[in-house]
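Take a look at the structures below.
First chain A sits with chain B, and in the next complex the same chain sits with chain C.
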Partner chain A sequence: MGQDIQQQRIITKILGKPVRYVRSLFRPLVRERRTLPGILSWIGLVMLLGFIFIGIFAPVLVPIQQTNALAYPILLPPNAQHWMGTDGIGRDVFARVIWGARTSLTIMAIGALLALIVGFPIGLFSGYVGGWVDRALVLVMDSVYAFPGLLLAALIAAVIGKGIFNIGIAITVIYIPLYFRVTRSQTLSTREELYVEAARALGARSWTIMLRYIAFNVVIVIPVIFSLSAADTILTAAGLSYLGLGLEIDVPGDWGRDLSDAQKYLGSGIWWTSLFPGLMIILLTIGLSFLGEGLSDIINPLLRKERS
Partner chain B sequence: MPKAGSLWAYAATRLFLSLPMLLILLTIVFTVLRIVPGDPIAALFAGRAPPDVVAATRHRLGLDLPIWQQYVNYVVQVFTGSLGTSIGASYHGKSVLFIIMDKLPATIELTVGAMLVASIVGLSTGVISGTRRDKPSDIALRLYGTIIFVVPIFWLGQILQLIFAVDLRLFPAQLRFSGGPPPLMITGLYTLDSLLEGNLGSFLVSIWHLVLPSLTLGLVLSGFFTKTVRANLLRTVKADYVEAARARGIPENKIVSRYAFKNALIPVITVLGLQFAILFAGAVLTERTFTWDGMGTLLLTAINEADYPMVEGVIVVYALIIVLVSLVIDVINGLIDPRVRY
Partner chain C sequence: METFLKIDDLSVGYWTRRGKVGALVGIRLEMSEGETLGIVGETGCGKSTLGKAILGILPPLTEIQGHIFFRGRDLPRLGLEEYRRLRAKEIALIFQDPMTRLNPLMRIENHFVEEILAHESVSKAEARSRAREALLSMGIHESRIRNYPHEFSGGMRQRIMIALALVLKPSLLIADEPTTSLDVIVESQILEILQDLKRVYHMSLQLITHNMGIVAEICDRVAVLYAGKLVELGSAHDVFHKPLHPYTQGLLASIIHLDTKELHSIEGSPPDLISPPSGCRFHPRCPYAQQICVEKEPPLVEFQKGHLAACHFGDTFL
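Take a look at the complex of A and B:
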């Protein structure tokens, strides 16, 4: 009996922080569910979850064989058997579109995760340390931010080569400055809080203050940056594929490449190979930007004060 | 605080401060192309050339020198304006700078056209949305602003092509010119050159070709204007001076156009600088959709042909443009709003 409680305590201790974090994120979402930002966030969240579902269960929803070249006659218009028709090399457009969700979400996850891993600590460090280190880092990050992201990603993709993981890396570079910026500004304001002051007065070391007192209060902005940048990630990845710098040809779903392939049939009025992959990109990016804008209105109290 | 009339001093300071930014961008390009693990030459050739050709190319471009020496050479090269000669199939042996100058006008024409569309559509929708707060038209336009901003540019281009070029046959879907030789190269801007030639016909043809690409790129950018103008207008219509104007009995539409709108534009111009990054990235995509022979097409050709000096040159020119644009935006800001001057 006593052992059970002991175990329970250990589990709570390990899981406590993440659970509390997720709960602290969802509480405002539930509270604000009737306001416009709340409604937007929920719509966006449901759309994103829908795409994640499609992405995970793509192999169950549509057999991968339907995405193979010459699986069917070429350029069939949408019909009962092929809801979205077939493309120029006989692949089922619907199957490609479904598998594309898997690819896009994977790239997005890699890009966002890497940007978080790199941008968050640098932003935290820069904001906490201040001084010339901070100023230099801000200058570098701002310069990267001002440069056309797609071009930088294209350059990196051209150097490191094609592939899902490589494109994830190429995209990361664009979003590191964003994670850096937001983390830094959040750190700057948190640094001046009374409890941080108190910790410092009690003789806590810089590392402890940074990781225990500041980091956990800065982390709250991560979902906002993520969803704000995620839509852009999807667009950039699709753009790279469209330019022929993205993925290998054997990837079962790739919206950008599908649109690139669709290009040569446009002149003959073949619309289905272009329309549907594009609509999928738009649906996913709209979902993400609804979630992002809603969340940033809810979580950022400054913005909310301005609204009322 | 410097006194009035210090706009020149402000501009000079900004110019001086933009040097580090340029250097940082150049360093990043250098890092990506030469230090990032992996061999750019081998990657660009993608196994299409035997090892000794790769090695010879490396040697010819000075890529086998120590890194610091390469970096010095590279920076000197950029600042003396010599970007080397092309090693690709399409422009072999030609000056990189010369080819870039040849392609740049096409991109400028496209981006200016797009900015025009974006400002007209974006400012008008922003004003409508901002002055009719929370009415159906406001909600519809806000939705437009959010959605159009995340539409893939190349997809919008394809759909506009399908509708206006293939189906209705109103506008051409490809190239910058048709039905004869393009206007003589003076500035390289077809619209301007045909006017300088005094040839109204070819002016109309070049405008006709410019419509769909500009519309594509401009519409996507307009979403940003819609949102920013609306947000700033909402802020300025509540300002004291607007209230004062209203108290004096000035008609509401005049208040919006004379008082609120003008002041709402200042922050728009500030954030406009960041839009240029999206504009140039979008132009690369638009150029491919409409086979528009500009900088973006050049970059892709260069990447596909393993034309290393050309890739580096194009990216460096983009970096120069970005730094220049942010400088100009800052100076314009200083011109409009004296408070931002140092």
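Take a look at the complex of A and C:
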């Protein structure tokens, strides 16, 4: 009994911070549910959760064999057995689309998360330290940012090779500057907050100031850029695959590549092989954008209010 | 005996696009232990800069010249870590504007725990109990210790800030307009608290303010700053009864009493500190200004024992 309580306490202690952070994010979302940004965010969130569900349970929903070449007759139009038809090499389009969600979400998670993990601390450090370190980092990041994203990703992908993880890394490089810039600018304004000066006056260590006083107040903007950059990630990954620089051929589902393969049949009136993968890209991107835009409309006024 | 606090020829300059702003120029000032020194002057005359300079929390790239000796150590030449250890432990600062001085995402308790642990190696539990004590002594119930800053009123937050500044029992407290943004009743409470603390801990207090009433009430000595320069220094009694600098006279004349029929003010506004006026910095606004005031900078002269002023005609006001 007593041990149970002890255990409970330890669990709340460890989980306390993240749970509180998530809760503090959801509270405005619940409060704003009847306003336009609130509705947008909820639609986006539900769409994203739907895709995550599909991605996780793909093996349960459709057997992987259906995504193999020559599993079925080629180019069957949508019918009762093949809801979205079959493609040029006899794969079930529906199965490809479902398994494609898994692939896209994995790349998105790797790309956006890595960019966050690298970009956030560098932005924080750069903004906090300032001076020539800051200038140098801004210069580097801006030059990466100025480079056309898809081209850069294609270049990196060509160098480090195909594969889900490699594509994730190639995409990360494009989005690091985005996280860097947003984090840095938020840090610059938070650094001037009076409570930061007060903490310094009370003899707080630099690390404490950077982590407890600045980082916690900066991290609020992350969900917004995370959803927006994730939407972009999907497009870039699809673009790379479309260009043939993306994944290996044996990946069970890859929207971008399927779209590229489907291109040659479009002229003969075979629409189903390109429509459905394309639709999925659009839907997932829209969902993430709704979530990102909605969140930014909810969170930014909150920030502004807090500041005034 | 070594002096408690001795500011020697301190100059502070901020660099801006238009040039250097001389926020403080050649300040010489001493404070003894247990003393209350009032620092008065208009907005932008360098009062807050002085407090921050002592604590070493001026923005980076600020130019600091001269010495600030505190118990034998020259503060501007202190190592970063040594300086950090000194803050709050030996010298603490209370700011004006308590509404924005606490981290909105941190519980009150954690503000204290973090501060105590940054200076002393005690257990977290010990730090917590000291936090409770400090808050109780400021009249804030311990049930509120786990609240967030936004759950308190302005007066309560200022008391929390005072508790934070005092929890490590510093020997010098700098209060930078601690009551400016508070209403009159809270103001008198805060001032009472400060006076009590002085009595109990025999703490030295540097009170930065533009409110001459507060100075008269609780300060032993007064330093008057104008445009970054020290223009008058003396006991509160002397400065109030026999102000030797026309600027101090102007400040005193502009206090509003119950029987005030007509408002007095000092003509003009404080000068641009990037290119200050020649000679005496106050001459463009001074009713007694002569040719010499434009040409020659008046030195700080001791006209009476312990009563200094920087005016060519100081002796005529004696």
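Some observations on this one:
Operating definition for what follows: the second predicted complex is superposed on the first by the 292 of 308 C-alpha atoms of A that agree within 3 Å, B and C clash if a C-alpha of one lies under 4 Å from a C-alpha of the other, contacts with A are read in each partner's own complex, and residues count from 1 in each chain.
The criterion applied here is as follows: a residue touches a chain if its C-beta (ideal position, glycine included) is under 8 Å from a C-beta of that chain, and two chains touch if they have at least 3 such contacts.
Because the structure is predicted, anything quoted here is derived from the model rather than measured.
When both complexes are overlaid on chain A, chain B and chain C end up sitting side by side without clashing.
In the superposition on chain A, contact of A:Y195 is made with chain C only, not with chain B.
When the shared chain is aligned, chain B comes close enough to touch A:A146, but chain C does not.
In the superposed model, A:G203 lies in contact with chain C only, and not with chain B.
Set against each other, chain B and chain C differ in how many residues of chain A they touch, and the higher count belongs to B. By the touch criterion defined above, A:N217 reaches chain C but does not reach chain B. In the superposition on chain A, A:P73 makes contact with neither chain B nor chain C.
Put simply, chain B and chain C get as close as 11 Å, counting only Cα atoms, in the superposed view. Taken in their complex, chain A has these residues touching chain B: 139-140, 142-152, 154-156, 158-161, 231, 235, 238-239, 242-245, 259-260, 262-263, 266-269, 271, 274-275, 277-278, 281-282, 285-286, 288-290, 293.
Chain B makes touch with chain A in their complex at residues 20-21, 24-25, 28-29, 32-33, 36, 38, 40, 43-44, 46, 146-147, 149-156, 158-159, 161-162, 166-167, 173, 273-274, 277-278, 280-282, 284-285, 288-289, 299-300, 303-304, 311, 315, 318-319, 322, 326. Across the interface of their complex, chain A is touched by residues 55, 57, 60, 84-89, 92-93, 95, 97, 100-106, 114-115, 118-119, 161, 164-165 of chain C. The touching residues of chain A, counted against chain C in their complex, run 130-131, 193-195, 197-205, 208, 212-213, 216-217, 306.
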